[in-house]
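Naming follows writing order (A, B, C, D, E and F), and every chain is counted from residue 1.
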Amino acid sequence: MLNQPELNTLSKNDRIDHYLLIRRIELRSTRSGSDFLSTELGDKTTTLNANVWEGFTEVAVKGKVGDVVRVAGTVEEYQGSLQIRVSSIRLATTADEVKANYFLPQSKRNLQEMKDEFNKRLKNNSNKYIKNLLTQIFSGERFELFCTAPAGKSWHHAYIHGLLEHTLEIIKICELMCEFHIELNKDLLVAGAMLHDLGKIEELSYNSAFEYTDKGKLIGHIVIASNLVRDEIKKIPGFPVELEINLIHLILSHQGKLEHASPVVPKTAEAIALYQADELSAKVNAYKNVIESELKADSNWTRFIQLADTDLHKFNINSSSEENTKKSLFD
Amino acid sequence: MLNQPELNTLSKNDRIDHYLLIRRIELRSTRSGSDFLSTELGDKTTTLNANVWEGFTEVAVKGKVGDVVRVAGTVEEYQGSLQIRVSSIRLATTADEVKANYFLPQSKRNLQEMKDEFNKRLKNNSNKYIKNLLTQIFSGERFELFCTAPAGKSWHHAYIHGLLEHTLEIIKICELMCEFHIELNKDLLVAGAMLHDLGKIEELSYNSAFEYTDKGKLIGHIVIASNLVRDEIKKIPGFPVELEINLIHLILSHQGKLEHASPVVPKTAEAIALYQADELSAKVNAYKNVIESELKADSNWTRFIQLADTDLHKFNINSSSEENTKKSLFD
Amino acid sequence: MLNQPELNTLSKNDRIDHYLLIRRIELRSTRSGSDFLSTELGDKTTTLNANVWEGFTEVAVKGKVGDVVRVAGTVEEYQGSLQIRVSSIRLATTADEVKANYFLPQSKRNLQEMKDEFNKRLKNNSNKYIKNLLTQIFSGERFELFCTAPAGKSWHHAYIHGLLEHTLEIIKICELMCEFHIELNKDLLVAGAMLHDLGKIEELSYNSAFEYTDKGKLIGHIVIASNLVRDEIKKIPGFPVELEINLIHLILSHQGKLEHASPVVPKTAEAIALYQADELSAKVNAYKNVIESELKADSNWTRFIQLADTDLHKFNINSSSEENTKKSLFD
Amino acid sequence: MLNQPELNTLSKNDRIDHYLLIRRIELRSTRSGSDFLSTELGDKTTTLNANVWEGFTEVAVKGKVGDVVRVAGTVEEYQGSLQIRVSSIRLATTADEVKANYFLPQSKRNLQEMKDEFNKRLKNNSNKYIKNLLTQIFSGERFELFCTAPAGKSWHHAYIHGLLEHTLEIIKICELMCEFHIELNKDLLVAGAMLHDLGKIEELSYNSAFEYTDKGKLIGHIVIASNLVRDEIKKIPGFPVELEINLIHLILSHQGKLEHASPVVPKTAEAIALYQADELSAKVNAYKNVIESELKADSNWTRFIQLADTDLHKFNINSSSEENTKKSLFD
Amino acid sequence: MLNQPELNTLSKNDRIDHYLLIRRIELRSTRSGSDFLSTELGDKTTTLNANVWEGFTEVAVKGKVGDVVRVAGTVEEYQGSLQIRVSSIRLATTADEVKANYFLPQSKRNLQEMKDEFNKRLKNNSNKYIKNLLTQIFSGERFELFCTAPAGKSWHHAYIHGLLEHTLEIIKICELMCEFHIELNKDLLVAGAMLHDLGKIEELSYNSAFEYTDKGKLIGHIVIASNLVRDEIKKIPGFPVELEINLIHLILSHQGKLEHASPVVPKTAEAIALYQADELSAKVNAYKNVIESELKADSNWTRFIQLADTDLHKFNINSSSEENTKKSLFD
Amino acid sequence: MLNQPELNTLSKNDRIDHYLLIRRIELRSTRSGSDFLSTELGDKTTTLNANVWEGFTEVAVKGKVGDVVRVAGTVEEYQGSLQIRVSSIRLATTADEVKANYFLPQSKRNLQEMKDEFNKRLKNNSNKYIKNLLTQIFSGERFELFCTAPAGKSWHHAYIHGLLEHTLEIIKICELMCEFHIELNKDLLVAGAMLHDLGKIEELSYNSAFEYTDKGKLIGHIVIASNLVRDEIKKIPGFPVELEINLIHLILSHQGKLEHASPVVPKTAEAIALYQADELSAKVNAYKNVIESELKADSNWTRFIQLADTDLHKFNINSSSEENTKKSLFD
């Protein structure tokens, strides 16, 4: 790990001597005709604007989004926002031993603990066909991708290991639903939970930024997952056809509605449980994160959040009501 | 409890000697001019047609929907459905000691166990204002109504004790979400879960059938619950204003979308958690029940279900895929 | 072919001595207690009600929807509709040499001509990968199924050979669009047209009636087609990845909108052309057919057609305006 | 009242010596590093940009949105819009005797006249329960708030006294509907009209700007009004339950559709009349105002108006058609 | 006027000796093979079923929907509904001097009074072009049609003179809006109100029943009205072009939304006023009528009303709350 | 034609000595107080920014959008975009013999060829009423306007001659549909295709820019076309009424859905064919053009396209898959 202060802890006039990731890069010229390099540079915590006025030739020619640079300079404020006044900049080399993915946001949960929780459930699946299938799928490089990928580009669990964290939440919610309803086929439902978003490992790229791949845009993670699962089922002799169809149905229908890009709506009790568990996990994570990151200054409200179709509110019982509370205690 | 076989266990030609609930009653005349009594009679398991051709004067004059009758006769089949051929019928009297609510469907869960689970959580609420509020609300006659009411007219948890069963499911789902997210205010969220559908005790009548009351239709359970909670908060000195507003917000927003009759959308992390937990509990219960009750004969598909906008499928791994499984094992 | 008059040519009092297909079958009893067999029997042109009052034991016990029966009787009218008064009925046997699929409606176009038109285009595809793929897919039993299947259950091209007829129309429309726009990749677009509804061969069953299969309901023809194509692509060494993704994209997006069950919307010029060509072929066929079959008596309007969200009008310039025309000729 | 020319009457090069309201305030620095104060300042007629380049320390440190400043300077034009070139600026003090609410837009109708019209109708209500209720509610400080509040943040009647003006319009429309339909309960309907938007007095703040309060966002004016009315009804012995439910129903349903945030849709003739009268009053006021304020220069069209989903047109029969008219007079 | 009791005043066993309108007519045969005539017969107040078992040959052969018959018989009850037991029936002849339109429901308002109110406003229009136009349009046979036509097939003002009644209501509402807003062009707006539904005189037929014409279905009343107005404008020399466009805009946009079949949305203040006035007049009339006609027995609720998307409630303060009222008076 | 290089062929530092069209013009002042002229100037291929710092008095005073100027200067780059550094500028005069419409984008198809194709079809119409009507309409100045107009403001066929090109495509698609379905009335359908967008000649202005006219906004091209056709039909004695209604129906319903501004939905087979043919022609043209013009640098994806609700992809089989192809050939 890099030993440098995180960007979101810095203030005006602080010194910068950092490795940072290029998130935007553009060569521009002023009205007077001189060129300068306009960039956005960031680490895993935030991203700042940085204009470079000299000594930028190498970076301008070779640098691209997703590359790491070594930057020296100062934090300054312009039009109410912090930016970096760059004194020197160069592209990082292999000698620097810094990887782009270091700069991506990550899950706060412990990775090994999440892997253990996941594997325990995989091993406990009592249907031998399903268990074989899961064992084949979640192994080797594919399992590593699964444990690395975010669950989304920006809305929920949009950080490294986010897909694993999100999947685990859904598994646990589904397990709880199986306690309420013995009629649910737990082996099938938990397998559906494990596999439902597997296609995200190919729908998104997440080496140096979270972007949709061509395949992700043209095929989508739902059909990608269905394809991956189908390929592995073919390798298992005697895999029951009905089981295959019902498992694929869980994957295809897990976004719950046609207009959310599921090509079929949930038609079994397991499918509706998976859809609603997914919604619950995704929405609460998304709202929590956006409330944390988008609160307006001196306010307990965020800006208007498009995907929630409202501004959001942080209820802070300590700050907001404790005083009232205390007062009333001594009335 | 009545010692009579449940209606859904009877077949063609079985004898009837039952107390049953009138669910429809109409005096009709045949084309030839003679009158007869056309009714639907049922117990908690199902409802059958029954035409009465003689000896029906008392019932015709005094009987109405929701009354209990004593019926003798035989089960017969007409146009593919079972019906009752009545030999004698009379209205039940107080001497019969049979109450109409005996004939209503009930939760399969143990009532006392559910009450205990609910009260344990009420006692564990660590916010004294909330705890006082919940203690005031869930007491006496109101608590009995709460433990009796269904959670809906026909779609989900539409049976006696259904509101309590549904509420407990949501509480447990919310507790799980609080394990995932320490940022959620658990005291507030669990209180919201307990209170969110409280208005159903006045929105519905559930003595002899599940019907909307005038108040239920003109005001709705969301505002009824908000009113009940507001009345009790006023009795608690020093109840923090912010806490009140946030708790009422949970109740008002718990149906998640304006078009689902919530006058405000969820704007806090707790509100979105409550909405999605409610959806999860309701949908899975509804799908499970409708799949059980509406499967077509010799099929693993139901008729078209309006509220799901599809027909639904029962996946039975034992019957449907075991044979395939076995075959492939010995290939 | 059977040598018997088609049902829709018969009138009141005509004699029946026909092989017909059972489309509904139910044992009922009259109010007086005697049993009778209530059925709907049809050929490829229409379906009539037929109640059988005696001699129906064998059919009642063994007959089911999709079976063929030999029926004698008379056409009569009841409440404004024709029905069959049955004098004798028996199940057809192998000795009768009558197949259920004879009774299904068929395309009016010549089958061989359609096959030739299709194969000519397949052979003319100038991309060797695509041509190999199409050759593999449209061969043997699968090609026969493709040439047999209807394109839908009831709305458009809902008759035997309908899928082939519909596919050919789309191909020709796409060819015309390629004349307008040289930028369109014709090889790709025509291949997409050929493959887009291929999944219908497994989504529907069409031996004795047009019904959705379990797989059809739980997976849907879009993903079924994508799977079939993907399996065959894997057998072709060096099939370009970009080409595969773009071809699969055509299949997945061909219903044009998420809410029409496409998991991705059209994102290429070829994809939008395929979607709109499909709409054009489907809608005109559907409207034409429903206007022919649903015109109200003595009217040039149909009943209200749900899928068109209106009643439909037949414009008959000969009957309606010729008189006016003639008059004006001699003014 | 202040004796200073209204901002919307000033032109380029006019002198400014005004009290104005701060509507935006921000400390910025130029690229060369010097700080300046960027503000928007306005009176009740309009708002202008004003950058302050020196002598702004006090205002920068203590000033905030909603404060009044004393400004001297000149009107200048920049990029097609007027702005203020500030020569001096200071915060107003109590000695200046200028209140922030002076700068808010106001209804053009006479306040006392509106109050009289309102009270006359209140006194004429012939149902004594309703009259008592209205008398209790529209009294003291609450009546003053009611007469002060705007009816909205920006769309319709968004000015001081706007709620009263809007309410009066609806009352008169409802009275006219009662002339058409004697079946309508006029006492109930007019009471509903008076009370329907009462919650706006707490949903909005309107001292120095029109903003939603926390309570407004989390509870909404519909439930706030319902609560206020319910509290007052409780103080009236014998208030008929049916009357209460129907009156609350009018308030809850007055936005007409669930998706417009009414938790119940209109279910009585009075409720539909109130909803449609509200729409009529609101829409015409909104369109009239936006056409006045948003006409593009040298055009009889406004910019695109989001809430109308179109640009809007001003029909000016004098300017546009008089010439044609005159010509035709002398044809 | 016919001197016969209105159908909705008759009870079981009352004698029938009436002229009635055929609203449905069908020749049927019983299972035993004998023919009978199944009809629905009505006057302006209601419609009853009537089966005719003998002496129906002439009516069966020549009678059709919209013809008048002379019927003798008795009122009887079958399955909870009244019907007519016919003893004799014959087609009315010209000698009977009974017109079909006598049997259509009519406005309760006085026709001459409505005509006078309308003409007064026409004469008061101060724009000479508009006044000329209105005078041309509302004259002769067209004015009689306008005064006769219903405003709709079944939802609002669906009775003879209903178009005039509806138009007058809108005019008065618009006049009130002009009192609120002097900016509105009253001459234009009132003309728009007068003309907006003029196309209904050709969209509907209303001689013996209210039905859509072919032209009504294929063109629609909006474009029909626009055409009628345009034809008359062409006859007026010098009619200002701007005025024509704005007046046609009022007609085209008066249904307010594209999805309500207006080809343009309201873009002027007058257009939005007309749309909202139309909504107000139509909805209140429709709700009032449906509440009167569809109340369920012993209930203050109607059946579910599709166009309102709810069941509707009749608030009867006298019956429902007076008792409570009285009690509280003597507390 | 002008003998000057097209703007989209120029690069940084190229000399400008051009006639260009003013697409935006604004007098601004710098912060230091000096005035300059800010403009956008373009030819038929593209539009560039151009600020003029001196010698702009005449243009500033008299120039307006749609005027032609003679400009000398250099191409330079600012913030990643090309712009013009102007050394001199003057308004073109009649002596320059340059028309504004020269600068508008045009169809790539040959105009005379398109006219011939159109007229051939007009002459081949076998219904003499229709042929007369079409001959009257498509003649003289109106035919020239029809051959000049674009088919839209910016989305599809938005270039000079675009309406004719679009109309021809639809005609050919409709002819193909008539080959599939002999039931379609080809004379009627092709006439509908020719006339459907005729109203665009008055809905849009297209002399120097593509803008909606007042009439276009307030009436819309659908009703304008209907009016034009109706006026011409009136001149033809004996034109069959049914034919008129069905032809007008084609025009009114050609946008297919009420929410797309058609006042009636398609109700005949011809109407649905015309609507779907229009969709096909419009969408493919629009997607093709936007993919060509909006591809992001170094990408085969466009920016997000609002009207397609997605970003769009260019499939380039040559560049993207040829390498893979070649490799696999030598495996």
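The working rule: a residue touches a chain if its C-beta (ideal position, glycine included) is under 8 Å from a C-beta of that chain, and two chains touch if they have at least 3 such contacts.
What you see is a predicted model, and the numbers here were worked out from it, not measured in a lab.
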{"item": "Copies subunit B and subunit D touch via same or different residues, half shared test", "value": "same"}
{"item": "Of all other chains, the one whose Cα centre sits farthest from subunit F", "value": "B"}
{"item": "Whole-Å separation of chain centres (CA-atom averages), subunit A against subunit B", "value": "39"}
{"item": "CA centroid of subunit A to CA centroid of subunit D, Å", "value": "43"}
{"item": "Inter-chain centre distance, subunit B versus subunit F - centres from mean C-alpha coordinates, in Å", "value": "60"}
{"item": "Two or more partner chains touched - positions in subunit E", "value": "214, 217-218, 242, 246, 267, 311, 313"}
{"item": "Sites on subunit A touched by subunit B in the complex", "value": "127, 129, 169, 172-173, 176-177, 180-181, 183-185, 188, 237-243, 246, 265-270, 272-273, 276-277, 279-281, 283-285, 287-288, 291-292, 308-315, 317, 320-322, 324-325, 327-329, 331"}
{"item": "Of subunit C, residues touching subunit E in the complex", "value": "77-80, 300-301, 311, 313"}
{"item": "In the complex with subunit E, residue positions of subunit F that touch it", "value": "214-215, 217-220, 222-223, 226-227, 230, 242, 245-246, 248-249, 252, 258-264, 267"}
{"item": "Contact set on subunit F toward subunit D in their complex", "value": "26-29, 31, 214, 217-218"}
